[in-house]
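Chain naming follows the written order as A, B, C, D, E and F, and within any one chain the residues start at number 1.
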Amino acid sequence: MPEFKTLLVEQIGKVAHIRINRPEKINAMNRDFWAEMIDVFGWVDQTDSIRCAIISGEGKHFSAGIDLTMLGEAAGQLNMDIARKAEHIRRHVLHLQHSFNVIDQCRKPVIAAVHGYCIGGAIDLITACDMRYCTEDAHFSIKEIDMGMAADVGTLQRLPRVIGDGMMREMAYTGRPVYGAEAARIGLANRTYKDHDALLAGVMEIAQSIAAKSPVAIRGTKEMIRFSRDHSVEDGLNYIATWNAAMLQSEDMKIAMAAHMSKQTPEFAD
Amino acid sequence: MPEFKTLLVEQIGKVAHIRINRPEKINAMNRDFWAEMIDVFGWVDQTDSIRCAIISGEGKHFSAGIDLTMLGEAAGQLNMDIARKAEHIRRHVLHLQHSFNVIDQCRKPVIAAVHGYCIGGAIDLITACDMRYCTEDAHFSIKEIDMGMAADVGTLQRLPRVIGDGMMREMAYTGRPVYGAEAARIGLANRTYKDHDALLAGVMEIAQSIAAKSPVAIRGTKEMIRFSRDHSVEDGLNYIATWNAAMLQSEDMKIAMAAHMSKQTPEFAD
Amino acid sequence: MPEFKTLLVEQIGKVAHIRINRPEKINAMNRDFWAEMIDVFGWVDQTDSIRCAIISGEGKHFSAGIDLTMLGEAAGQLNMDIARKAEHIRRHVLHLQHSFNVIDQCRKPVIAAVHGYCIGGAIDLITACDMRYCTEDAHFSIKEIDMGMAADVGTLQRLPRVIGDGMMREMAYTGRPVYGAEAARIGLANRTYKDHDALLAGVMEIAQSIAAKSPVAIRGTKEMIRFSRDHSVEDGLNYIATWNAAMLQSEDMKIAMAAHMSKQTPEFAD
Amino acid sequence: MPEFKTLLVEQIGKVAHIRINRPEKINAMNRDFWAEMIDVFGWVDQTDSIRCAIISGEGKHFSAGIDLTMLGEAAGQLNMDIARKAEHIRRHVLHLQHSFNVIDQCRKPVIAAVHGYCIGGAIDLITACDMRYCTEDAHFSIKEIDMGMAADVGTLQRLPRVIGDGMMREMAYTGRPVYGAEAARIGLANRTYKDHDALLAGVMEIAQSIAAKSPVAIRGTKEMIRFSRDHSVEDGLNYIATWNAAMLQSEDMKIAMAAHMSKQTPEFAD
Amino acid sequence: MPEFKTLLVEQIGKVAHIRINRPEKINAMNRDFWAEMIDVFGWVDQTDSIRCAIISGEGKHFSAGIDLTMLGEAAGQLNMDIARKAEHIRRHVLHLQHSFNVIDQCRKPVIAAVHGYCIGGAIDLITACDMRYCTEDAHFSIKEIDMGMAADVGTLQRLPRVIGDGMMREMAYTGRPVYGAEAARIGLANRTYKDHDALLAGVMEIAQSIAAKSPVAIRGTKEMIRFSRDHSVEDGLNYIATWNAAMLQSEDMKIAMAAHMSKQTPEFAD
Amino acid sequence: MPEFKTLLVEQIGKVAHIRINRPEKINAMNRDFWAEMIDVFGWVDQTDSIRCAIISGEGKHFSAGIDLTMLGEAAGQLNMDIARKAEHIRRHVLHLQHSFNVIDQCRKPVIAAVHGYCIGGAIDLITACDMRYCTEDAHFSIKEIDMGMAADVGTLQRLPRVIGDGMMREMAYTGRPVYGAEAARIGLANRTYKDHDALLAGVMEIAQSIAAKSPVAIRGTKEMIRFSRDHSVEDGLNYIATWNAAMLQSEDMKIAMAAHMSKQTPEFAD
């Protein structure tokens, strides 16, 4: 189990639970955090015994978003030629995006469990996750607009696929808070739970149920959904046919079939 | 009227009602079924007097999905070179996909009326339809995940355009059942009905209302929606302008206009 | 302030309020209207002191859609070679589309405030807006289908991104009315208001809150959402990184940060 | 070996040689021809012992293109509503396109051997082939322009990928003849041969060399080239990685490797 | 015939000949020129009696490219917030691009006749044309690189479709001159002529031959080639089928057919 | 200067010269090589004083392609579930592709200088470079086909953009050698040189000329060409306008302009 400065990580059965762990800073995302996201999801992706991950916040909130000192950096205080500074900023933004792309590209489903504040960069983070669940008092806000900038770490690209176009623009232009119940109604969260404990228990149950499925089938399903988001239906159909050309030769299908016939629970290799 | 082994077909006015007819097997999709889908939707597409189609299930359920014996086939038990077997499987999957693509490509709207089980391959089928209506006790499940495989006949490509990304992933990863009320809430069904009779009556009314419209206008509308799904807004605008360059020279517009002026019901040629 | 035949325009603070002003014709869209849409949104786009726009209808309704006399024109009564007439129609449709594309392309958010009828071409108009709000008695209908034609000024391209695919097809094939409450439920409107006064007051409040944000940030956010609609997530991430390379060098971020630190309201240059 | 009215077909080793066989009509493409193209390339695709195909013309010319009587049909002499006739024509053109798409989609390379006239529809045909070789006196012309129409069976879509954009437009706008030497210079043909005998001998040698390769490798290579034509480099790289995930498990690689080590000629299964 | 400050325009039969007319400034593109390009190609596009256009340079050269005083403007000397200046520059560049996009979008073929210098912006111009012809002493150079900037008015987008990727990069990175013979060899020009007189005579002959074709067929052909450049083969095939659904109902096909039968020269309406 | 096992690297002025250095193995690409490609091009990309790179082969040849022992690995000898092995292979191929993607993504132009054998994987390598130059006796061959596999490290994706579609397929299906003169004729190389010394001298001169240009302009040019390859003309035009919004605020333009006015050689900062 790797060790991190800004994250608490534990493995429960075949599920990794990652907690953002700077509660005294409302889990604000500092330089260490951005680097450790790459490491932790590299570990999730590479570790065969992990089949699903949960990300939540330690303390009273999920996260207040990017640490404001880093925001200044992105804007670049350097006394540089404008063009060279622009190139520097562009690459810095691409670098930050990479820290959440690893969630999107991780072969295993990643579930966000949100309570309290989920602000700015935290929205970028949870939209890169597969699914979102929250407490009734969760407080979502695309706060970048109040920092004088367009959100640039994924929200504006991924959120339109999650919630309706009209409500997404309202959130992005106004930065107004959306609470748990409304989040569930517009599809930002799949479901709300009464409090943090209920949330973690509920999400763990979902994660364990996913972890019990064939990992070959889960990884194929995630890859297909990710591909379909950005490609035509026809391209998607051709891709799954090509993918399953190998994957349907898996042992997992025989195991699943046998379990189905004998009404038993199948056990799949990692 | 063509005859089928696995389907019951009748034409009511200008509406074709197609019933999957293997109730003793919960309407499981066997080899005949996959072939007959191509034939029946070819017939719907080619027959000018049909302007809309309904697909429903005979007996207590819509369908339990692919016949498990066929699933084995797709996986290929043949003792073959792995690469050649992969190519064989790939082409088999493309072949099965074709049986539902004909619904998507059919020039006339196709409505799914779902009651009871709608499982696995049946989800692939209904997502290729234009609209879905169901009973309150309808039971939807992306069951492929429990067979150790990623769904490969259209669900993962078409469903994300129908329901929210987050709920879609939950259904695909967990295979959990979604019932009528939730289906309507997340957009999987447009509406629920109390029972099977109410469902069929309601859906027939919608189908007849569509069948009374100008067939030129309906076919153009379906083609545009299908095209827009996979193309940019700009490409879509150019396509409808090019399409309507011919279609606005139709007699139907004059008939519609005259009926509108005289407050009468227009009658359009097939 | 420019003057128009079919529009009433006023500027309230940094918000432009555009009223369609042919109440005696249920605000039907005549030839002047289509031309003036281009002019008025050119003015909104070019005028630095305007940061957000509202479009609403004068009188009892939002709009009954295209003036039927124009519809005839699009179909072309000219006694021409069919091919040349087709080319003429195609270019006429592209020309009409341009009158709503200016809303989509306007760098500032445009909000539709809908009461009463919102029919046919009016649906094309509001789907080109950023957000839609309505009264409870608002009445939405894709009426083109009853004129014997596929809608060709934007509805079929933009609406699928706003509401669910299934309900969108039902509206497009049947032309059936959708009222305020259902519009809000399916995402066609963001929210309903009790009556016209409450609607205008509510929408003005949202518009003013947007107008108080950094205009650099708002314009960047709109551009990103528009781009993301038609491009892959990866292309969108690269685009925002390139865009923000210059935009994060803005004074607005410093102003926002300073205001944030001092708990004051920031004031941004136009 | 199937029998055809308009084609002569023979199998030489693992190569199919298809001759267009209406020499008295300069191999003009009549209704039978368009249907038989689908049949013959279905046979090539399905027959495991065929690994490469050649298409050439019997008599003094390759082909004069579409039979003019069919052209009239496409334009539709029927006394019909303009919109319904347009739909009829559109589907007829799609139908004709299908007859050449089967070449493009055939899993095995198809080589065009051109001598004499290669006019109009014949250009559509050869651009759907993998490679083109010709005699010095071959005469290529995009003759559709002189029939008052834009070529619609594939030339304008596929030729730009074969020759330079500038020369392609010159050929398409002017219909001027291009002879063997120029064809080779601009990339329309890979090479010229002195006369018809030398052409057929040369092309057969190339075809046989392709037929001796691993069919798994050849089919994968054709699929990748076809895919790359219409997708980004990144999508193409992902596709070949997914494809080869199964195909590199082939026996053919072991056979090739062993032959390479022992300096012998490998023999691959069909 | 419209009048211009920077262009000489004449109509010869159905061909418009546009001469860049600032020979004392080596036809450098000043502010008037960029505006007049939009006007002149609007006129070409709208005037039915014009079916093809030629663009050439008055005096000893085609053009030295953008007037350097304008280049400074694009870079923006204004003392502005960097972000607002960036937005200003971006819109200025888009504005300049529009002046050459009108060539690309003009429904009639536009031919560039190049002699002497064709430098910087002039390369952007000619790559927006359909075809290019030149004298042996023509001198092509992507000179922007020596002005410290990436070419931004079309060269880097359109040239890769005209010449090979490798040579295009060499020209773009080094700015080295390419003369007539090499231009023809790499496909930048379709052909070279001995001198300016021979060039103009040769190009006029090609233009007149295009002008004698069916304008319906020529416009369809240009639209298809333009569309194919940016879309998949499959999308292109569908588009031409939809386009020709109307266009094959033209009188021009009957006229062409009749002329073909009677071996006479067809005369097509504008 | 970093040190490598399989590469010799030197910096000459602002040009990095990278030599593949396993001459006793005909520069076959072993495991170290694939890893070191990532390192060396990371170094080229990050080192501001390097503005252009050359890659060539030490000894008598450029490279014989992938080391055959690695090929076996890719195919996976492991005794594993077929599906899991497929996933392993897929990821291994993606990993190898990354080693050449770094050339494509490197912000500075990379030039391949080819003499002697350039076989299999070496073709994948040089097609990821910006430009290719070779000796007359250079010997190019897509040798993968003779190993029983479809090339999967970039050739089939990038080569079609470099040479004509027809010749590319001939090379890919037959694996036949193409020598220097033919390579130059079909665009695979930009030019041939008499021998290795002349080649290196000629390529160094080109590289130094590129290194003397504005690095802001060169990086922008490479990014635009790379983007244009996979996007529409319209998307490309919008991208360069957005990019240049910042880059035209560079000091380099002022320096270039001043040098142009004073007829002196400009000196640009790194």
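Note that in this section a contact is a pair of C-beta atoms (placed from the backbone, for glycine too) under 8 Å apart; a residue touches a chain by one contact, two chains touch by 3 or more.
In this text, all values refer to a predicted model and were calculated from it rather than measured experimentally.
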Fill in: Smallest count of steps, each to a touching chain, taking chain A to chain F
1
Discussion item. Please identify which of B-E, A-F or A-B repeats the interface of B-C; the criterion is that more than half of the contact pairs agree.
Written reply: A-B
Item to complete: Please work out which of D-F and C-E is bridged by more C-beta pairs in contact, and write that pair.
Response: D-F
Response to the item:
Averaging C-alpha coordinates per chain, one finds the centres of chain B and chain D separated by a number of Å equal to 35
Fill in: chain D-chain E separation of Cα centroids, rounded to whole Å
32
Item to complete: Provide the list of chain A residues touching at least two other chains, using ranges where the numbers run on.
Response: 82, 86-87, 216, 229, 231, 234, 242-243, 245-250, 252
Fill in: Sites on chain E touched by chain C in the complex
81-84, 86-87, 216, 219, 246-252, 269
Worksheet item: In their complex, what parts of chain D are in touch with chain A?
Response: 231, 235, 239, 242-243, 245-246, 249
Discussion item. Considering only the defined contacts, which chain B positions touch chain C in the complex?
Written reply: 109, 130-132, 161-163, 187-190, 206, 209-210, 213-214, 216-218, 220-225, 228-229, 232-234, 236-238, 240-250, 252-257, 260, 266, 268
Worksheet entry | chain D-touching residues of chain F, taken from the complex the two chains share | 68, 71-72, 74-76, 82, 85-87, 89-91, 93-94, 97, 101, 104, 144-152, 154, 156-158, 160, 164-170, 172-176, 186, 229-230
